[in-house]
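Structure, as structure tokens:
A, B, C, D, E, F and G label the chains in the order they appear, each numbered from 1.
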Amino acid sequence: MARRPLDILNESLGTSIIVRLRGGREFRGELQGYDVHMNLVIDDAEELHDNEVIKKLGTIVVRGDNVVFISP
Amino acid sequence: MARRPLDILNESLGTSIIVRLRGGREFRGELQGYDVHMNLVIDDAEELHDNEVIKKLGTIVVRGDNVVFISP
Amino acid sequence: MARRPLDILNESLGTSIIVRLRGGREFRGELQGYDVHMNLVIDDAEELHDNEVIKKLGTIVVRGDNVVFISP
Amino acid sequence: MARRPLDILNESLGTSIIVRLRGGREFRGELQGYDVHMNLVIDDAEELHDNEVIKKLGTIVVRGDNVVFISP
Amino acid sequence: MARRPLDILNESLGTSIIVRLRGGREFRGELQGYDVHMNLVIDDAEELHDNEVIKKLGTIVVRGDNVVFISP
Amino acid sequence: MARRPLDILNESLGTSIIVRLRGGREFRGELQGYDVHMNLVIDDAEELHDNEVIKKLGTIVVRGDNVVFISP
Amino acid sequence: MARRPLDILNESLGTSIIVRLRGGREFRGELQGYDVHMNLVIDDAEELHDNEVIKKLGTIVVRGDNVVFISP
């Protein structure tokens, strides 16, 4: 019944996610891809601060070792 | 008799846990999955500050290298 | 005659230990398990500050890369 | 349909990218190469601060473990 | 003629050493064991601050990645 | 047509480079060697602060994990 | 013609070197040994601050991941 972390990422492909990075920065967008390091491809990415959009970034590749958590 | 760290995580699947991250942040929720890096899947996750719920996050995938300890 | 670090952890199973983490935080409790990464299972864990108990945590899994030292 | 992080880098070869590093520093230039560690070769690189060019750097090799995200 | 780092640790078994950790903390005691990660077992360990003993710790296991240097 | 990061280092052997390290420190000198970790050998190395030479260092071996970028 | 970082360390055995560590600390002494992690054995080591000797340390084993650069 248990679902592993990468299962969750796989199920979230094509859907909207929020990613919190070290230092508190957050990004929101559509998960388009990932790899085993939790490197992520996010489409229509927006950078958030206190839940406000502060920057629109288009597609970004986030390096996994900055990730604190991913919220599908 | 000794139980290894991942045994404890395995026994905790489906039960409520608290996770403390570097920087003091805490999350509470139901452990739904994990892997050998201590990446965690937490359902109904709540972010805590001084034991107060400050944010409800739904399901989150926490990257293991942020984890200080997990309290089943 | 030399005893390796993991030998000491093995001999300490079932006995009380103190663990100091990066940032100065300390935990005290009974060592119930460990692995090669020095991930630890501690029973009846108490969080200490200046040798005072500030929180009782029950069983915790501590991620090894936060550990500065373990005092059996 | 999913595209992995390195696919995106491969598709971005020869095009302009922005790279944000830990600490907030940003570089803009043409992606000329990369490897599996996300080490990057950037041509005509410019260092940015608040979207202003503060330094022109020519070709640079960025070490991947400083990268927060890459925006193609 | 060259002696490798682990040779020095091996020769120091059973003798008094000083270990400086990241953040400046120092420990003094008898080296009882080590492994390839420079994890150390120190007997009769004392924590030092400005060369003053501030705490007696008995036997400790120091995790190698906190070590700056070891002085046999 | 893409050139990988280590290709650039190889092409830069014997030429002048600037290396920026974490924390902002910069070194300038002639690249004499490197390895896959981006450890570097720099001849006639000068330490720079705000583009001013603050110290002449002769040959230095820079450990790769401090490198932010290398500018050939 | 290129000389790799470990070649330089090998050529420096038995000669005086300066090592700068993260945080700015410097050590001077005779390089007696090293390994592939750039762990170093330094004889007659002196700790320097602003080029002044602040402490004589005898032989020390420096853990490589603290090293910023080595100046033979």
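Methods note: a contact is a pair of C-beta atoms (placed from the backbone, for glycine too) under 8 Å apart; a residue touches a chain by one contact, two chains touch by 3 or more.
In this text the structure is predicted, and so the values were computed from the model without any measurement.
Within the contact network of the assembly, the step distance from chain C to chain F comes to 3. Annotation: 33 Å between the Cα-based centres of chain A and chain C. Averaged Cα coordinates give chain A a centre that lies 19 Å from the centre of chain D.
Residue positions 65 of chain E each touch two or more of the other chains. Starting at chain E and stepping first to chain G, the touching chains follow one another round the ring as E, G, F, D, A, B, C. Listed in rising order, the residues of chain F touching chain G in the complex are 13-14, 21, 25, 27, 32-35, 39-41, 45, 57-63, 65-66. Chain contact summary for the complex, chain E toward chain G: residues 1-9, 22, 38, 64-65, 67-72.
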